[in-house]
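In structure tokens below, several structures.
Look at the two complexes coming up: chain A is in both, with chain B in one and chain C in the other.
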Partner chain A sequence: MDLVLQAVINGLVSGALLAVPAIGFTAMFAVLRFPNFSVSGVATLGAFAGYQAYAVGFEVAGSLAVAFAVAGVVGLFLDRVAHLPLVKQGALPAAIASIASGLVLENLVRLGFGNDMRGYDRPIARDLHFGDIRINPQQTETMGVALAIMLVVFAALAFTRIGKAMRASADNPELAALKGIRPERVAMMASFVGMGLVGMGGMLLGLDSSIDPLTGARILLSIFGAAVLGGLGSAPGAVLGAFLIGIAEELSVLVVGSPYRAAVGFFAILIVLTVRPRGLLGERAF
Partner chain B sequence: MLNYLLFIATIGGIYGLLALGLNLIWGGAGMVNLGLAGFFAVGAYASALATTAGHLPIPVGWMLALLAGGFAGLIVTLSTTRLREDYLAIVTLGFAEVVRLVASNEVWLTKGTDGISGIPGPWKAALGPSFNAAYLAILLVVLAVVYVLMRRIDRSPYGRALRAIREDAQVAQVAGKPVLRFKAQAFALSAAIAGLAGALYGHFTSYVAPDLFLPLITVYIFLSVAAGGIGNPAGALVGAYLLMTLLESARFLVEFIPYVTAVQRAALKELLIAVALILVLRLMPSGVLPERIPRAPQPQTGGQP
Partner chain C sequence: MQMIDLRMSRRAALLGGAAAVAAPSVGRAQAEPIKIATLTPLTGAGGSYGPVMAKVAAAVVEEVNAAGGVLGRKVVLVSEDDQTNPDAGVRAARKLIDVDKVVAIVGTWASSVTTAVAPLCWESKTFLCTVSGADSITQLPHQGFLVRTQPNTVLQITRTGAFLVSLGAKKIFTLVPQTPFAQSSIEIMNGVAKKAGGAHGGLIYDDKKTTYRTEVDQALRFAPDAILCAGYTPDTLVLLKDLYRAGYKGKIIGQGYAINQKLIEQVGQNEVVEGVYTYAPSTAEGSAALERVKKMSGLANPDPYTSQVYDHVNMVLMAIATAKQASGAAIKDNIRKVTQGSGKPVDNALDGLKAIAAGEKVDYAGASGPCDFDDKGDILDCKFRYEQIKAGKPVLVKIA
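Our next item is the complex of A and B:
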């Protein structure tokens, strides 16, 4: 029983970290209408940008800002030159090009940093014990940061002009354009913020473990799983999906062992698409 | 040198087979399979296990690879054919990852990351040094059979129905075409061809391991089909050999760059392939051999001269 409770707590922590890139991915899907596979490369890039900033003396918050900015700018650039010109031909060519650009980023990081694992050099803290349950203060701190990021994102979506414009565009692009919302600006904002969140997500997950060029590729299916489970295009859905995937991944370790943890996202996607394609909180899937 | 060329020609032919399979669904029906590497692996393992642990003859192994690939394709497509194509893309990507996880961790079956070695090649002992040439001949026969099949499908009413689905599934549905069944069939056939390609690969190199089926192979095949011409089976073959040329020239070129480590060389090669795919999609979307859509048959005009 304690094992299960511990797994659920760990799952809530990793779910909170996963929610950040999942919101980014799902928001981009809602506005730009293609699944952007370059999130794997962008998450890696964000993790390394944050790592580098942390290594030269930035605090965690400052490093996260660096990760956000670098990933956002690069993601926006790739969307402009490689993906969005192809969306006119359909979602698939853009999706295929995004796989290639993710690979480009991954290999640029590999050129610069090699294949070795790196860890953020954070001060070590002792676990807190509550009965048989262990809680690591650093993990709680990272989780708090992730929750704060989510709060800012949802506040921005709810109250700022550009946030409202993004939601309107995602809901009905023609009507939004008719009302004077400029679709180009909304698309650029979605690329920048979406990829920025993905980059921060890469760094948050790196803070929790370690990073290497395949960091992003490893979390890709979890991100997709969270977004599809919650309903592609729904930001609250991505958060719910991320927590569920996080918990399911931790519980799966108890049942089938850690090697198959990485398969949880895939099976979640397969089951959701078979049973309820629009996901838990999504609206359209056809 | 001759052996090197034979090796390149054989691997290029195997990629050509994968490209023919991908072209059937991408060019034909507008679906993509981002898990090609996974279906390739399923076939390779099916045949390797059947002929090593199962002691079955090689042709039986190849048939099993075909069936295993097709069956896997059917399972993957069942949950997603109703949905938009981008959902299928996500599912297939995940499928390839899961195949690699199973191959790495079910050690009792697949020997894990050590891989399966000693996969028999046809008449390998009797042929001795001319094995590579003979194997290339066998491969070319298979390739020719699959190519003719693909061309027949391309020109058949079935192929036209698939293209109609690609252009507008709703219209095809209204015209009475069983869209879901056609899509599932095409995907399963394409996956079966990928499985067969995997078997041909395993019996050629005599060794399969999870690390041989990285997602990069999928990117290779997309580059082949896009460069050759999406929707044209001949283009898929030309594209596969163009890819081999690019890969091998890249291998020689990176040798000349000073002060780089082996890891950096590998990264540069992957970078080159990825950039090439983006450039082809952006600048040359119809490839070197663009799709030719045969004219619709003219209705008979009732006996007038």
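Our next item is the complex of A and C:
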């Protein structure tokens, strides 16, 4: 039982980290209407941008801001140049193009930084023990940062003009345009913020482990899984999906062993989509 | 190819056909080069080893070409990246075999890549030299078209287990990623521990996870006094951090290729890796061949894989010279003639090729060891190097 509780706690930690890029992914889908798989490359880029900032003396918060900005700008650029021109022909060409641009980004990072793994130079702390349950202070801190980021995103979606505009556009683009919301601006904002979140997610995941050019590729399936599970296009759904995927992946270690982790994620998606084809929370943007 | 053919006009096709018929004669006139290839991981988990492996192979070829090549023919080395990934490895091997038409591929590193590439090689009668350790590889029906210079899992884990037992370990736990050597590692270590009167537990994990907290919890419930971390660098790094966080204070041992200087730098905190042991097939310390590898690689301490690839290229070229024919089958039939037996001892292809040209027999012993193979293609003997990390630096415990 302790082992199960511990696995659930571990799953909550990894779920919180996964939620940040999953929100970014799903927000972009809500507005731009195609699954942007270049998140793999952008997450890697964000992780390295944050790493670089951290190395020159920024604190974690400052480094996260750098990761957000760099990933956001590059993500926006890729959307403008490579993905959005293809969306008119359907979501699939754009999605395929995004796989390609993700690979390009990954290899550009490789060109600049090489294949070596890098670790954020953070001290590694021992866990705190509560009975048989272990909690790591750093991972708790990272989780807190992730939760704070989510809070800010939700507040922005709920209370700011641009947040409301994004929700309106996601809900009904034609109606939103009739109301004077400029779709171009909303799309650019979605690209920038969505990719920024993905970049921060890459850095958050790297904080506890290490980063290399494949960092983003390793988490791509989990991000996609979380977004689909919660309902593509739904930000709260992405959070819920991320926590569920995180917990399911950890619990699966106890039952079938972690090599089947990906299968467990897909199995969960399969069941949910069979019962609720639009995901757990449907498509509502907020 | 299909696409291009369809678009060709009949005239162009005719011209092309004529050229194709004429081309081999042109080639023959200039004595076609002998083509061999390296297929090493330039990217991916093995990305820190592949580039220098390819570099040393190229240096050997360059040296041989400068001395007149093999059988009077120039040797061309094609270098491809397997990305430490079976899919990419197969694509690259297809290109090497079908397009470049190489007679031998050397240096495949990850066991998963070698397992995927080997069938292409024996089907096309291309010779394959590998540094992968999984037992299953030499058990493939490779018809002799494969040798490996890396000790297999049985040899590696048996020696490692014996080493742990000699350190006083009674309860050993094996943590190993999903690889071709995962199951056999656990079974062999189980046997070693039980034979020494101890206990053993094991777990196979997914090397793409970003945290191993739950896996570590499971391992620690076994209350082990020694843990074997048999993964690669990225996952072992996360694993060691999580073991430290969990407060584990027993012995840890891992593969030298995973727990290396890069990992220590990455951890950035010496107490996390303090006292961790590593084991690795040892290079032939003190041999002249290893000195040459040092010069060619520019490294003071070349890793075993680089030494092994040096040996691969030397063996392949000498086997071709002995056979007086450049083909995979010729290498297959002659590789043991140049590596074992009672011939003149040589440690590089230059000396070997001269001796072979003079009609002498040779017995090659290289930078990785004696390079003697059994019928399955496994090496018969090799030394192991055990090190322990102290204050962030690996310190030699013993070579045995």
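We adopt the following convention: the second predicted complex is superposed on the first by the 279 of 286 C-alpha atoms of A that agree within 3 Å, B and C clash if a C-alpha of one lies under 4 Å from a C-alpha of the other, contacts with A are read in each partner's own complex, and residues count from 1 in each chain.
The rule is short, and it goes like this: a contact is a pair of C-beta atoms (placed from the backbone, for glycine too) under 8 Å apart; a residue touches a chain by one contact, two chains touch by 3 or more.
Quick caveat, the model's predicted, so the values are computed rather than measured.
Colleague: Kindly say whether there is room for both chain B and chain C on chain A in the superposition, answering fit or clash.
Modeller: By the criteria stated at the top, chain C and chain B clash after superposition.
Colleague: Could you tell me if A:115 is touching chain B, chain C, both of them or neither one (first, second, both, neither)?
Modeller: A:115 sits against chain B and chain C alike.
Colleague: Once chain A of both complexes is superposed, is A:168 in touch with chain B (first), chain C (second), both, or neither?
Modeller: Touch status of A:168: no partner.
Colleague: A:95 contacts which: chain B (first), chain C (second), both, neither?
Modeller: In the superposition, A:95 contacts chain B only.
Colleague: Once chain A of both complexes is superposed, is A:274 in touch with chain B (first), chain C (second), both, or neither?
Modeller: first
Colleague: Go through the superposed model and pick first if A:7 touches only chain B, second if only chain C, both, or neither.
Modeller: After superposition on chain A, A:7 lies in contact with chain C alone.
Colleague: Which holds for A:259: it touches chain B only (first), chain C only (second), both, or neither?
Modeller: Both chain B and chain C are touched by A:259.
Colleague: To test your reading of the overlay: chain C has the stretches 58-66, 94-102 or 184-192, and exactly one clashes with chain B. Name it.
Modeller: Clashing stretch of chain C against chain B: 94-102.
Colleague: Mind sorting out which residues of chain A both chain B and chain C touch, each in its own complex?
Modeller: Residues 110, 115, 259-260, 262, which sit in both footprints.
Colleague: Sort out for me which residues of chain A touch chain B in the complex.
Modeller: It comes out as residues 34-35, 37, 82, 85-86, 89-93, 95-97, 99-101, 103-104, 106-108, 110-111, 114-115, 217, 220-221, 224, 228, 259-260, 262-263, 265-266, 269-270, 273-274, 277, 285-286.
Colleague: Flag every residue of chain C that touches chain A in the complex, lowest number first.
Modeller: Answer in residue numbers: 43-44, 47-48, 178, 203-206, 208-211, 213-215, 217-218, 221, 233-234, 237-238, 241, 244-247, 262-263, 266-269, 272.
Colleague: State the interface residues of chain B toward chain A in the complex, per the touch definition above.
Modeller: Contact set of chain B toward chain A: 26, 30, 32, 34, 78-80, 82-87, 89-91, 93-95, 97-98, 101, 104-105, 215-216, 219, 222, 226, 261, 263-264, 266-268, 270-271, 273-275, 277-278, 281-282, 285.
Colleague: Within their complex, state which residues of chain A touch chain C.
Modeller: Within the complex, chain A contacts chain C at residues 3, 6-7, 10, 13-14, 17, 110, 115-119, 121-127, 129, 134, 136, 139, 205, 208-210, 212-214, 218-219, 249-250, 253-254, 257-262.
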